[in-house]
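The two complexes that follow have chain A in common; it is paired with chain B in the first and with chain C in the second.
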Partner chain A sequence: MKPALLSAFLLFPAAPAYPAAPENTAAVLSLDSGAYLEAFSAFQAAYGGEVVRYDLSRQKPVIDEKVKLLVTFGGKAAGYSYPAGINIIYCLAPGLSVKPAAREAREVRIALTPAFPATLAKIRRIQPGLKHLRILWSAPGYAPYEQAAMEEGARQGVQVTPFRLEGPDSLPGALRGALGEADALWLPPDPLIVTKENLRILREFSWDNNIPFYGSTKSMTREGALASFGISFAEIGKAAARAAAALDRGEAVPGTVYPERTELTLNAAAAKKLGIEFPGPVLDEAGYLFP
Partner chain B sequence: MNKKLIFSLAFIAALPAPRPAAAQDESSEFWSFMAEEASNLTVAADKPETVFDSVSNVTVIDRTMIERYNFASVADALETLPGMMVLRTYLLHNLPTIRGALQEHYADKVLVMINNVPMWNAVTGEGDLDRVGIDAVERIEVLLGPASVLYGSNALTGAINIVLREPAGENKSLGLLSGGLGSAAGGYGGNADVSRAGGLYAWKGKKASYTLAADSYNRAQPMFRFRDEARAANAVKEYLNARSFNFTGSRGNDTVLVNVSRGEQNFLGNTITLASGELFSQVREAALASYLHDFAPGWGDLKYTVTYDWQRRNIPRDANDNVRSDIEGARFVNTLSGRRKLGKGFYLEGGGTHEYRHARSYLNYYSNTDVPVWDNSLRDRVSAESSAHSQLGYESGDWKLLAGSRYTHNTGAGDNLSSRVSAVRLFDEGHSLKAMFSQSFRSPTPFERFFKPAPVTVVGNPGLKPEKAETFELSCLASGGRFFGHFTAYHTRYRDSIFRNLGNFTRDGTVYTNINFYANAPAYSSSGVELEGRYESRRTRAFAAATFLRGSRGDEHTIPAPGVFGLTGGSSWNFKYVPAYTVSAGFSRDIGNFYVSSRVTGYGRNRSLRGDIGSQFWADAGAGYKKGAVRHALAVRNLTGRAVMFPEYVRQRVVETVPLYTGRRLEYNFEYRF
Partner chain C sequence: MKLYFKTVVFILLLIGSAFWINIHFSGVAVSEAMSAQIADSAAAAAGDLAPAFQKAFLSGKELDGIKALHAFSQKTGSVFAGLAATDGTVLAHTNVALTGTRLADPLMLKGLRTGAPHFRRLFHNGEEIVETVIPLPRQKGSSGEELLFQGPDAPGENAGFLRAGLPLTPARKAEKDITFKLLILAVLIAAAATALSTFFASVILRQVYLLKEGIRKVREGNYDFSVPVISRDELGEVAVSFNKLSRGLSETTVSKEYLDSVLESMPDPLLITDEAGNILKGNRAAAEFSGYDFLPPGSRNLRELLEPQTEGAAEPFALLSWGGHIKELDLWFKARDGKRLPVMLSAAFIGGAGGRQVVSVLKDTAQHKESEARMAQYLKEVETVNSELDAFAHTVSHDLKEPLRGIEMFSAMLLSDFGAKLDPQAGDYLSRVVKASGRMRRLIDDLLSYARVARVRNPYEYASTARLAEEAVAGLSVLIEERKAVVKVSGDLPEIFCDPVKIRQFFQNLVSNAVKYNDKPAPEIEISAERFGEYYWKFLVRDNGIGVPSQYFEEIFRMFKRLHSRQEYGGGTGAGLAIAKKIVEEHSGRIWVESEEGKGSVFYALIPADLSKKP
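For the complex of A and B:
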């Protein structure tokens, strides 16, 4: 069993369980393995009971009439057509563009990243002189957050410029355009542009031009991002459990839920290349420092 | 395979990332998650392909390469690719030639497109590489091998797609002013004439974009002493000028493309005699308008394209420029194509095309009075071609499979069925193996079928059948770090090739003796290997390409003695005139704000009708300065100044060789971006 998955199984039974109604809840996974299963396992452990799950890669889900809440794991699961009237919590759907008007019941999205104000604040702690931050994105699901990101930037005294890439191939051109216009780049977990190859290009661009790039997962830091401020798959599952319990109780839940526990990872080699010294408190806070 | 996407690749994106020494499970889980989500977000038709997983043999010249090597034209850039030569006949310059399949005065075996819209002359069939100036080009995509299932007639040996520039992203604009001076440029005898001038403005928003470009390009070869078929010698100075205007705009689901161009070039005479048109300007004019609507249905992809392509060519026919030929025609094309995912990795593509071709005229006339002399039997020849194609594809993580056919009915040349089968094994993102079989065809043009001038120099053959090609290819691609390698081995069989024969020919009851006429050749074949290597780092770029090919003599035919100067005849076949070896290599390096580059091209020993031609090499060297919005570039073309010769393979009488390049040239270019 993979270490992360094993951790999820071992740790989350000990995690606090929320009052839940598992018999009225079902889960649909894009794939019954990997990140999806890890997040689901954490969800189930935190939710406090066995939840019926469907593997969309093997079968079409037959949703029982008594099911009032669905938790989806993955974009494919999120995009599936479900009966009206069922509350849905979307997890691990980074490019999902939710259309609220299309459904009668509640829809909640569990974010894959910390809230942008927190991310920006974290970046500013590492790079206090930051003036211009360019966000590279491509998947439609990120479009609604453009304006809010720019406004938050204005609040924090940073000019934030979201820049939409047409696809993975357009990254080199976009980076050329960033020269002289941005003094840092941030990459959300956008599946359309987050590839190993693009991270290599970003790393070389970043290190050659002294423009730090920040990621949003530990894996991005491993591939050369100066730092990432992210959320683990298990934490996403736990956040989904909290949201599910709240919905079960009929409580108000925001449209987007940001998981509570975040993880800061740092890359020492990138810092050296860029001539940046991590402040002591940042080092103390870091969950992992790649050499 | 979607037409637009087959070429959608960028070399830089093809290079794989260095892998971590010990990838951890947590990391691989993340990358699996990203890949799964990407596949869910991207409908198959929009997936960008790389050279590694394309189901065709494709390669690309990107904008960076164009700038670093100071390519002056599309033709200039193309000759660096393995399997590609840019040749000339005594009548026409810049004929793209793929894998040694020679073309005579009409480059009609290679399909040329702008932004995936085919363009070619309805009378004579040739595409024109000079319809877009190099400053307006974002990249040039080349498909080697038969491609009729994708593109129909004319993609007999391959296809070239010229992609126009556009801004790097949304809410961006790109403005450009460029110009240049060249030694002996312009064809008017000056020593430092304007060799290039152009402007471009492009803008892209969220739902709309446009690109507007105008270019002028003048290239003149240094003076060259040429001995013609009458053994008359004179100084010849050849030039090629091209002006083009391009507009492409899209809004929502609608895209428009407009291309207008005018080119002038002189040549070595209609019959390689300096008394048959040399020094006078041959004019090519064209106008193309295309509209595409993407229906964007929920079930997949459905597009409708309508294109009108008008072309005119005007050729002087004698030493006094007294008689000229005016060749005019147009094509009107409607295409509906779609793609639907079938689930479990399968998808289906299909479509239909109807093309109306009007060969309006090939009129000889007195240039001073416009009085017609002869219509060459090519007045208002109309033909139509309809085709339907279907392809079934399968994609999994490791495999891509594709099989499909196109059925074509041509009102003048009968029916054709071309098919293709491709299998791609992806070992990882930087290693793949491809096996491909593809067929193609080309319907004979009205010129090849009906041409009959007075006096008779060459006669069309109404009984011509479409020419066909089929290729088996095995291709291996690998990259590691900054290196990329591409090896291809192929075997091509040509059937019913349309060529200009020489001998006795009967048409409409008239017997023509010792005359040039069009005929279908017996089957022949060629086998070859192509090797391409590239290196790319932030400051240094290099490439090397080499090809070896060997062709059969299945199409060998007798060439009678010309009956002058005691010359003998001989025998001729396509691959007699194709060098077995070709090489090209280039290097560029940035040094601060400066950069230097050099490239060399070579053709191995070759043969003309009666003799041998030694190896031919030519090299360019350049240097540039780039800072901020300004770029300056200085280039020396054909560094050694030696004439580069190629066999005269069309007329095959007295003259044995024609010059590709005649001497050294110096060019200076600048570019200002705003």
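For the complex of A and C:
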């Protein structure tokens, strides 16, 4: 973690700045610290100017009229109500569903994970014999991706079964349902499911029943996921900067932007419990290996 | 394996077994204690979380149970935990896959049956854990009615059971520490026990070593060796018995050293071989004689060193196998320097059946052969000289007789024709001349007879000595009748291969002597014979005459030896016994006399039974 953070901060000054209008741009952070501040710092460095930021945990933001673009960092920041007509870029907002038709202005979501095809490909590199992958999700924002995930699975020769949980309490039942059906589980960054309790249930279920589960953030790997395919906070900030610059220029930006660089983390203890050996290239690619 | 090592190995096995048993059962005991402690700690932790578990049982929600179980895991480090109803059905489990299943393993059944905590050790996912079943009592209500009917201290029912797998990792370290200390202690005890055992084994076996040394000494022939008795136990008694045995042996047995010294001091070469002729031992004389050291045993074969002296003769060892022994067999012996040495071999088997050996004695006959040749030469020279002497004596005697006959004849004529005319003194002198001439003639005749024995070689033939004796007696009939003698000739005198003329003269001379030298009115003479050994006859001529003093037993056989004056006992010349002796010796015999003065004499003559078979 520390080397990754250090390298991110050292690289920001040298990163290319996009033509931007910082005076018309503002940022809202769910909390002015931790991952939110790390992502914002990367954004500001890449964007090329000082951007006004608001800490939602301290005060309600009063958005200046001249602001044309708002970048949010965190789920709470994303869920806040903003004036119409302002373009918004959502960062670190897991499970957020972006509906372009709901507002007059543009809304862009910076994805927290790589695109599903890339994620599935990486899972197959670790678990070449994978036949059936079950995706556990709950937040409505993931609903639109169900069909695309199943189609991608068919394309890669893996039966992908998205399974929507009614709520956090339904995880044990969902896991029992996966017994004998799934070879692996994948958990997207769904805030409705991902709780400390659930991660522990998942870990014990996975390790005791020999069914690997894959996560989408480094913290999931730390809690027992075999591997997680996510994106670093700095990369998210940089992707947001690129998207903001494009919006400033009036260019077309997709509803969901996938950052270029992904972050792979591995858990050696989980691999040992599950009897899986990481291939050499996967180990080389890993940004972090939990013992 | 040596007795000492066997004893030490036995002791080490005992110590090792005790060592292993100690470590093993101590480990088991420690393990049980640690398991119990872990189970107790888990039960205490479950007690602390009783409200959370109670809530889960009351709500029946799995997640409530899981939260409580996670809290329990957080507190105890359990690798798994589950809540089971009183029938064993899992209400919640850290492995959610087990929720709803029914636990029916022995530990769970035991817990369900007794309602008490239990534990056991097992391996879970490759890790050894303590699995425990902890009953969770149902929390009593605090309503007045419940207090009224049940009382605050009444025993309640179990709401369910906590089933948990607890890691042994912390206990393992303590277990290892305790086991290691026990191991060190056991090693020290084992080392001390081993050292003491080794020491006592050596002390106990000291007597055995002394006995072994004693047996070795006795085996080497030192029968007088005594073993020091250093213990009063059974081994000491064995040592005492051994000493008695060795003393007995030394008193009754010729020691090997003694036998060796005898063999080594023998002047003749002696070799001991096996039945195939391989030389096992040779004495010093054998080594000096042959030049071989005969080492190592079996390196030389006696059969290869011996050769017969005559072509086509039987092989010595074949003769030995056939006859059981060989005596004085003339052979050649091939010495180390290549020389062929003449030897006389005598050999015999020694030892029992199956392990027989052959003891062979070689006699160096080189000197003997040389002496024999020299002797033969001497004999030849003596024979030549004797022959010449005999011829000379015969010639001289014969030549002397002619002038003597003239002296005697003319002296007698002078005495008879002119005796009256002679002076009486002259007549006496002449008469003495006649007598002297006659005596000289008899002497010459006897001398001729003696010389004739050697000079005249009559043909040898088988002749009856009884007949020859009878003829001799007949030839002396005048003398016998005159002396009224009685001569008995035994009828069982043998037939021998001899010169009959000389044997007849032999009898005649002995009988003549026996009659002459006898002062009895009726002399008695007896001629007999008896077998002497395998090859000889012993002839006896016994008389009752005057006898011969013992100092003259040899002398009387010398020529012209007389023990009396010429006037006594017929005035013989003393040549008869000398002639008899010469005749007996010519027949390869021997003559001697045994006599007692005044009582008579017995003349013995030992003559070969059959000279025709003389080698």
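As a working rule, the second predicted complex is superposed on the first by the 280 of 291 C-alpha atoms of A that agree within 3 Å, B and C clash if a C-alpha of one lies under 4 Å from a C-alpha of the other, contacts with A are read in each partner's own complex, and residues count from 1 in each chain.
Here, contacts are C-beta pairs under 8 Å (C-beta built on N, C-alpha and C of every residue); 3 or more make two chains touch, one makes a residue touch a chain.
It should be emphasised that the depicted structure is a prediction, and the values quoted were computed from it without experimental measurement.
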Chain A as common anchor, with chain B and chain C clashing or fitting: clash
Chain B or chain C, by number of chain A residues touched: B
Touched partner set for A:R200, first chain B, second chain C, both or neither: both
Which of chain B and chain C A:D208 touches, first, second, both or neither: both
Which of chain B and chain C A:L179 touches, first, second, both or neither: second
Which of chain B and chain C A:G287 touches, first, second, both or neither: neither
Touched partner set for A:L92, first chain B, second chain C, both or neither: first
First, second, both or neither for A:K273, with chain B first and chain C second: second
First (chain B), second (chain C), both or neither touched by A:P22: neither
Contacts of A:K218 with chain B and chain C, given as first, second, both or neither: first
Residue range of chain C overlapping chain B upon superposition on chain A, of 151-159, 277-285, 493-501 or 601-609: 151-159
Where chain A meets both chain C and chain B, residue numbers: 168-169, 171-173, 176, 197, 200-201, 204, 208
Residue ranges of chain B in contact with chain A within the complex: 8-10, 12-13, 15-20, 25-27, 29-38, 40-42, 46, 48, 168-170, 172, 429, 538
Chain A - residues contacting chain B, complex: 2-4, 30-31, 34-36, 38, 74-76, 79, 92-95, 139-140, 163-174, 176-177, 189, 191-192, 194-201, 204, 208, 217-219, 222-223, 233
Residues of chain A defined as touching chain C within the complex: 168-169, 171-173, 175-176, 179, 197, 200-201, 204-205, 207-209, 273
List of chain C residues in touch with chain A within their complex: 61-63, 66-67, 70, 80, 94-97, 99-100, 125
